[in-house]
Structures are given as structure tokens and as C-alpha cells.
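Pasting a structure here, questions to come.
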Amino acid sequence: MQIGMVGLGKMGGNMAERLRRGGHEVVGYDRDPEVSDVASLKELVDRLEAPRAVWVMVPAGGPTQQTVNVLGELLDPGDIVVDGGNSHYVDDQRHAEELKAHGIGFVDCGVSGGVWGLENGYALMCGGDKANVDRLMPVFQTLKPEGEDGFVHAGDVGAGHFAKMVHNGIEYGMMQAYAEGWELLEASDIVKDVRGSFASWRTGTVIRSWLLDLLVRALDDDEHLDALKGYAQDSGEGRWTVQAAVDHAVPLPVITAALYARFSSRQEDSPAMKMVAALRNQFGGHAVTSVDGSHEKGADSPGADVVPPKEAE
Amino acid sequence: MQIGMVGLGKMGGNMAERLRRGGHEVVGYDRDPEVSDVASLKELVDRLEAPRAVWVMVPAGGPTQQTVNVLGELLDPGDIVVDGGNSHYVDDQRHAEELKAHGIGFVDCGVSGGVWGLENGYALMCGGDKANVDRLMPVFQTLKPEGEDGFVHAGDVGAGHFAKMVHNGIEYGMMQAYAEGWELLEASDIVKDVRGSFASWRTGTVIRSWLLDLLVRALDDDEHLDALKGYAQDSGEGRWTVQAAVDHAVPLPVITAALYARFSSRQEDSPAMKMVAALRNQFGGHAVTSVDGSHEKGADSPGADVVPPKEAE
Amino acid sequence: MQIGMVGLGKMGGNMAERLRRGGHEVVGYDRDPEVSDVASLKELVDRLEAPRAVWVMVPAGGPTQQTVNVLGELLDPGDIVVDGGNSHYVDDQRHAEELKAHGIGFVDCGVSGGVWGLENGYALMCGGDKANVDRLMPVFQTLKPEGEDGFVHAGDVGAGHFAKMVHNGIEYGMMQAYAEGWELLEASDIVKDVRGSFASWRTGTVIRSWLLDLLVRALDDDEHLDALKGYAQDSGEGRWTVQAAVDHAVPLPVITAALYARFSSRQEDSPAMKMVAALRNQFGGHAVTSVDGSHEKGADSPGADVVPPKEAE
Amino acid sequence: MQIGMVGLGKMGGNMAERLRRGGHEVVGYDRDPEVSDVASLKELVDRLEAPRAVWVMVPAGGPTQQTVNVLGELLDPGDIVVDGGNSHYVDDQRHAEELKAHGIGFVDCGVSGGVWGLENGYALMCGGDKANVDRLMPVFQTLKPEGEDGFVHAGDVGAGHFAKMVHNGIEYGMMQAYAEGWELLEASDIVKDVRGSFASWRTGTVIRSWLLDLLVRALDDDEHLDALKGYAQDSGEGRWTVQAAVDHAVPLPVITAALYARFSSRQEDSPAMKMVAALRNQFGGHAVTSVDGSHEKGADSPGADVVPPKEAE
């Protein structure tokens, strides 16, 4: 079928290519004229025959909102917009309302797969009306990997990005679980071959996974990760997962702990732990560490008269 | 080579069989005379030629300790005992000392694989002196799966069970991560196909794993797990992992949260949350729920005079 | 000074009374004509001399929004609205914008104190422009407790409710800390006098507090809290605290754990732990508990062929 | 009554003094001859009339064990030893057994109070047989603060230190709750007076406590704690609390999170987060931070070929 693709970066560009290889006619637009088939979104819309389908593959937030706004003006009733970016599911619901006011359909689609997607296909999680999803099925069929898995019509508008968001939340928890296990093995006096222990788990154990394969590969490059800082960004999906959990009164101790570990990893020094140190000093006269690195005996510090060091806590 | 196998249950029996298929001579002992090759541990020892190797495959704790005690008396200097059960790594170190006093070597070996191990091999994590491990390599080679993975000499005595323990701790965290994601998807109003969402992740995503395959299989049997109670036992390894973390001052927020979730799952009612309810009632006159299921307005309850309901907290 | 009070429930009514005792002229409005001084918000506004001050003391969310909307129409430029309810700080910022469009000032004020506030005063946390706060100081001075504490101009619009929100978050963490300690003491075989242990801490220890006093009082009523269910509601502030933490990338492990414990306390059965049980069953053939209470041996259950029970995990 | 006091440091010395002021006859022993009344433990025992009572106030672990060993040899059947140090409750049970073999009684006593204890009394939590505790009541009565609180016979041997341990666990949770609230307030753009917010809570709120008073005092010294590092030691009691929780299958999410926050505070860099960074790099080609502070674009790093940066997770 014919489809417009807005955003021809690594993801959008490869997806357009996979669609073309699959026999679809793709009209691509990108701000970069080098890679764009058309000069403007208007021209893209003009080039497509109604009822049109336009796949938006631009960064979440402002860029997606602006694209939706413009498409809302340019497209005709009966056309469909697919948001394949990493949008917040809450935004999907608003985008669908805005487009619906113009008679335009909307499908959200969480996409996973990266550069291997071009060859192997992209895992797709969609949300929206069945009629809209069905119309796009030829495109989804081409984009998804072979086999029975790799595609789901997860539910109503927003469900696709909701499912992708939860996927990422699970990923946070899994990564942290492996990472904690690695730290504990590294801390052991008796375990000498930590990399080998992880490698041994790749066959026949309950915890074998693609992440485990990657982990061993990382240790092959740098056995104790000496070259890395313990510093990890978080993407919006992790935060949205926790906020969705709070909204739904669902306890997510593991996923939240994994998110918080990333927050902490980016702090030079923990403000909360400054306060804990301050309190210990106040009641216990505990030795505290100053920012200049010197250790002061609590006995000389302000609260030292309250309780002697031994009385600790 | 020749080896004694103590404990011929599902694990020990299958391992003996795999070893025999691999050309080793196995003398097996079990309390059950139906499956035992010999009438006693003494006879087992007598049947083996020195220097002997005896693989112990009995439950951790008392049974393993007793077997070690008896073998310490029966075996000769230069013999080796392998503990392939689920012992605590702390016990390994004691067992090694006790056997060393008799001149007997000791290797601990965490074993993973289950019923599929007979055909596919068992993942093995060993701890002990290199000389002892090397002597047992013919046995390990036969037991382990084909390929480069599935075996590690992790380090000193105890390292094998330490690694297996951490493996299980990681497993707790991973299972909880998937489980939390499942709960959040189930709680969503917009997501209609939760099983399908998980199934879609089996191909091409970061979180694909054997556990994910099992999860989808469980949902195929019972899409919303209606037939199950949210009740999960924990094995010793999860607890030992947290205790080892505390001993090593290693923070394990995710693995610990997963363990605590299991503890909570087995409580009919949470004592801690009774106290939280009691405190809320004391200061806020909040409505509380009595064990008979009735809701009482805080206004009539003991602390209701302190702060009116609206003042909440 | 003269002030309008909208909402004459337990909190608003008592605050009006304390203000009158302090020499202020209060015109009160409530939907309930029995307690209202005026028949409508319009009459309340008419009764006040410009520049007016109106204190809104109604439930957060819809009721507060509607009151702000109506006051925005009725009041004149130069008047001030104080929101003393439990509004989300994010809403404060919007309310301030909306009122500013009419030339009306806005101050948010977190209020703590409950029924004892009438006699002892209310702790007040305010946010807004200094000029607006200063104009209201006679009212704040009367409402607050005697002494130097009990009032803060915390910052810009929203800062008052932000501070109150954090206060409640801290409260969640403290309550949970005591509750966990209580559960552990109750679980001990050797500790026989748990109530007495808590009572002993009321004097001379680091953890003495008003909450501890309340806790002992609760145990005086019901030593093992047998009459209570471990079921605790959460107010909006706890959720908002966690969401603010996520927005600010601040890790709050303790406060979040306390919130999640409340979520869990309200679940008949944990969906996540159903999944953990299902996974254990899949890979380990573990015995699972069915909803009808029967325990099934894993051996007969779907995944039992994967790994024998002993191989557990 | 007559009592021996072993260990005359800040705690033991002050307790001896409070006992003397209360009319008791105290014979003190310390390794430091400057403060010791006798030259040896033997002389201390000789100076006391049977049946003797000896209060041990030395560091937990080795020193306490050695003192118990020596007293076991020197004392007579019918004498009593009190361990007032910070021993692990598990050790109490062993010490009681060892002394019982000599016919000597044992009472464990958790002591709280510090330097203010001399004047105001010490909170005491005791464990042991009622007969032994009763014999020591004159001493406990003098040591404890005035009023009904400040003393508990918590239960069997070990119960006193168990209760003190839980006290400290609760303290960890409370300190962390305040500390997290402080960090969040400091992170807010709209809150300008964080110290003032905390100060305002000292009167009339649910979270007023002695720790809150100390917290405000700490901020009076250093409003943003600029002079402190976020580095906090932990004492044995926090670790033992978590280990006891695991032994009793009691979930302690808040207290454990507080302990882990201290562990993390002492890490220069988090090993676990190195692994998370490594995994992100492997699958996402995410930019990572090297130990030399340079940021490398993921595109050039080992795993960058797997998934393009945008595909993140």
C-alpha cells in the first residue's frame, strides 16, 4: 500500500526501506532535504492518494505534537496518522482527540528493534480502533519480524505506547537485577571468575536471555568495567511507568528501585545522605566526612554534646 | 572415570544416568534400596578405588552435613567430595575444613538444569582448589551442556554455591520485573490484550528471554491467572543473597524487593499495615476496616478526637 | 482584619472560629445554610470591603477549581484568594494564572493541625508573592500556634502545598518505619512485651516522637491490633510526592516503599505474585496454591515437565 | 545494691556515676588503670559479695565475648552477668548458654541515652529470666529516666538487644524519610525556604519529633549542608535488623532501603550502575561516561551496531 513517512532518521529511514523492500510505496519527508522525497509536509500529503496513511517517526513531545498539529490541518477526513515514536500514552489520547475533530483516524505504535529491524523486523505494539489498525495491517505485516510474534494490537488509543512503556519498565528491572548480581559477585572474596560465572548461565539456566548475552559481551570488552562510570540516563518511559503505577495504585517496587538507582547514579553526592550524616552527627557525635575529604571526629562537631560516639544510635 | 553418587532422586538419578551414558562408572547410593546400587555409604566407599570421588546430591542443611560427616570418617586422604546440592556457601567452607582435617578434598558445585539436564546437560558452577576441580573435569565435561558455556570454575571453596545463589537472586529480580509489568498492564483500562503484548516481545526486543517464553506459556494456560493465588514460596538462595549483600555492604534494592514481595505474598494480612491503619486512626480519625469486614467511621473510634477526618495527614 | 471563609466544615469552621476569637471579622459561606453567614458566594463577596481576602477551605480538585472559577468572576482586581485545602501544587500554579488574568492575587497554604488547631493553632505553609503573603499576615498570625514555629512562607505559588505534600510523604515513611519495626518485634519468638518495648522508647531515645506516642496509645487499646485489618488508604499527597520525585529525578526509596505498601494492603491478592507463582510453576513444577485453597503438586501442573521440583530455581 | 561495672568509657563511666549517685556501691574495672577501681577482673570479682552482679559495658563482638569467657571462669553459681553493650541478640543466646554451664545467670540490656543519660537516665530494654531481671531491678530503677517509660523487660534472653536493634532499624527508616523529604524540597524550584519549612513542622504536625528538632538544628548550622559529604556509616544493628527480617520472613522495605542508601553513600562509584551503563551501551549504543570524564557517543562504541541511539530501549 501507499504510506507517508515523516522523519527519516535511523529508525524512520530504515523502516521506509523495509517497507519499500516489501513492495509498499513510501513517500518520505524529513527536515533534511538530502534524505527527503518531498519539500514539505504539504507536498507529502499532496503526493498521497486519499484515504491516506501517514506514519510519524519523530521525537516525542514537541516535535510529535507539532507534526500532529500540521497534519491535522493538511489531511482529510478518513485519513489515518500513526505515531510510531516514543510518545507518552497520555499524549496519544489527546492527539487522537485533536485529529478526530478533523475526521482523521489515529493509531499509536510502540516500535522496538533498532538497526537490526531493517533486516529482522520490528516488534510492534499498536493501540487504536480495530478498523484503523486493520487498514494498516499490510504495513505492520511488512515491518514486523517473521513468525507469530512481534505484533500486537494491544487495545485502545494509547495502548501501544502503554505496552512499550511497560516493556521498558520491565527492562529497567531486569537490567538492575543482573547488575546487582554482578556487583555482589564482584564483591565476593571467594569468587574469582565473575565473567565466567555469567557466561556459564547462558546455557540451560532460568535466567538466560538476550540481556545476559549482552552482559557477557560487555565483560569480554572490559572484564571489570574499569573504563566506565556508574552513570546511567533514564528515558521517559521509565518515569512514565512509575507515574502510571502511582495513578493506577499498582505497587512496582522492583521497577521503581531500578529507576531510582539511575537517578542516584547521576548525583555527584546524595543530598539525602548529607542529611543522614548531619543527623548522625547531631545525635551521635559521629565522625562525618567534610567536602574537603577530611574526617572530623564528631566530638568537636556541633551536636557532639548530645550523645557520645559510642552511644551511636 | 569412576565416581560415587549419593542421592539418587530426580536430580542425582538423572545425573548418574548422564554420566553412565558418557562412559563413566557410577556407583550410586540412596536410602531407597530400590534405586541404590549399594546397601550403605560404607559399601559405596568400599566399591570405589582410591583416590575416590564422591558426588553428594542430597538436600542442603542437615542431610548434607550428615553425609559429609559420615564420608569424613569413611574416606581416605586423597579422596574428594563434591557437594552438588543447594548448600549455603558458608556451609561449604566449614565442610571443606572438616574434610581437610581427614586429608579429603572438597569441591562445591551449583547445578542448574532440571529434567532437561539429562538430555541437554547441566549448567555447573564450581568452587575449590584447581587441582581438585581438574581431577573432576571428566565428570564435569560429561554433565555440562555442549558448547563453550555451562561450566565455570568460579573460585575458591564456596564460590560455586555463591554463584548459584546469585543466579537465583537475579532470577527473583527478573521474575518480579516481569510480574510487575504484567500487573500494570492488567490494571490499564486501555490495554485489552495483555497476553498478546507479552507475546509480541518474544521477538526482536531487549527483554526477550526464556522466562518471557514461560510467562506467555502460563498465560496461554490461564489468560488472567484466575486459577492461581498470589502466593510464592522462597528458597534459601534468595534469603542468602540478601544476607550476603548485607554482609558485603552491597545494596541490592531490586533483588531484595523481589524477596520481600514473596514474604508479603504469604501473609494473610500485613501486620505492618495494621499498624499503619492504627496510626491513621489515631491521628486522623480515619475510617478503618475491622477484621469482620465492617468499615467504621473514624469519628467513633479511639483517636478520633485528635484530628478530624478531613485533616487527614 | 476582614476575611471571607468558603467552606465551614470541621477545618474551615474551626479556623473561622479561631480567627473571630483573635479579633478578625469573618464572613463565612458554606453550601449548608445552617452554618453559612451568607446565601451565596456573591453575597459573601458583596459583604467584604475591597481589597478583599477570601480563604477557600473546600476539598481539592473539582470543588476547589469551581470555587476559584466563581471567585475569579466575582472578585475585583486587588483582591486575594487563599487556597487552604489540600490542592496539588501543580493546580495552584494554574489557579494563580487564572486569577491573575482578573487581577486577583493568590496564595496557597498547606494547613496542618486538625481539631486541636482551634485551641492550639494550625501549622501553616504558604506559597505566593511576598506582598500577598504580607497582607495576610494578621490572619496567619492568629491561625498559627504560639511560638516561633508553625508558619513558613515557603516560596512561590505552590510552595505551600508542595511543602505540605512533602510533609505527608515524610509521614508515610515514618509510619511505615515504626510499623515495620512493630511487625518484626511481633514476629520474634524471644520478645514477649512488644507494647512495652515501644513504650520504653518514649523517653530518652532517638526515635521519640508524637507518632510513637500515638502508636503506644493504639497498642493500649488493642495490644496486637487484632481488631484491625492491614488495610490503609492513601491520600493524594503521598502519590503526588512520588510523582514530584520522578519529575525532579530525586530518588525516594523509603517514601515510595511506604506508598506501595499501602497499595498492596488494599489488594485482596497480588496480581504480580500470581505471575511469580505461575513462573515458578512453569520452570520448576513448584507446588502452587489455587484460588480454592488447594495445594497442587507441581508435578501435575502444566510446566512440570520442564524442571523437577527439586531443581527449583 | 552492690554491682561490678566492666568498661568505664563514656557510657560505662557515666552509668557507674549515676548508680553511685543513686546510692549503689559500684566496683569498676577498666583496662585503663587511671579510671579503674581494681587491677583486674579477678580483683573485681573478689571485691564483690556473692551472689554477685556484674554489668559488662564493652564493645560488642570480641571484647564482650572475652569478658564473658573470663567472667564464666571467675564467677560463682548464682552470680549474674548483664551485657549492656550493643551485642547481637544471637550472641546473647550463646553467652547465656556458656554462663549457664557455670551456673551463672545472664541478662542482656539494650541501653539508649548517651551523655544526657547521666542526668536524665537511660532507656533500658532487658531480656532474660524474670528472677534475674527482678534481682537487678534496683539498678535498672536508678539507671532509667523518671516516669513510667524508659524500661522494659522485653522477653527472654536476647530480647533486650533485639528490641534495641529494632529501635535502631526504625531510626534508620525515620532518618531516611526526613532526608528524602529534605532532598525533594531542595530540588524544588518553587520552594525557597526549606529550613523554614522543616522548622514550621515542629509545632502541631504529625511528624514532629526529636529527630526533626535535630534536623532543624543541623540546618541552622549549615542551611544547605554544603560542608558535609553524603556519606553515612552504618552500625551493626541496621544490618542485623535486615538479617533478622530475612530470617523471620518479615518484609522491611523501608528499613532496608534506608540501610542500602547508606551502603550506596559510601561507594565512590556504583558497580551495579557501571553494568547498567554497559548494558545500555551494548543494546542501545547509548552515550556512556568514561572514568576520565569524557562522554563517548555510543555510535563508536562496541555495541553500537546493535540498535541505534534513538531506539534507546
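To keep things simple, chains are lettered A, B, C and D as they appear, and every chain counts its residues starting from 1.
One rule holds for everything that comes next: a contact is a pair of C-beta atoms (placed from the backbone, for glycine too) under 8 Å apart; a residue touches a chain by one contact, two chains touch by 3 or more.
All values derive from a computational prediction rather than experimental measurement.
Number of steps on the shortest path from chain B to chain D, with steps defined by chain touch: 1. Between chain C and chain D, two chains of identical sequence, the interface residue sets overlap for the most part, with shared numbers making up over half of the total.
Taking each chain's centre as the mean of its C-alpha atoms, chain A lies 31 Å from chain B. Taking the mean of the C-alpha atoms as each chain's centre, chain B and chain C sit 41 Å apart.
Looking at chain C, residues 112-113, 116-117, 171, 176, 178, 180, 183, 187, 206, 211, 249-253, 257, 260-261, 264, 272, 283, 313 sit in touch with two or more other chains.
Of all residues in chain C, only 206, 234, 239, 242-243, 246-247, 249-253, 256-257, 259-261, 263-264, 266, 272, 283, 313 touch chain A in the complex they form. Those residues of chain B lying in contact with chain C across their complex are 9-11, 86, 112-117, 168, 171, 175-176, 178-180, 182-183, 186-187, 211, 214-215, 217-219, 221-222, 225-233, 235, 237, 253, 261-262, 264-265, 267, 269-284, 286-291, 293, 302-303, 305-313.
Against chain A, the residues of chain B that register as touching in their complex are 89, 112-113, 116-117, 120-125, 127, 145, 147-159, 162-163, 166-167, 169-174, 176-178, 180-181, 183-185, 187-193, 196-197, 199-212, 241, 244-245, 248-255, 257-258, 260-261.
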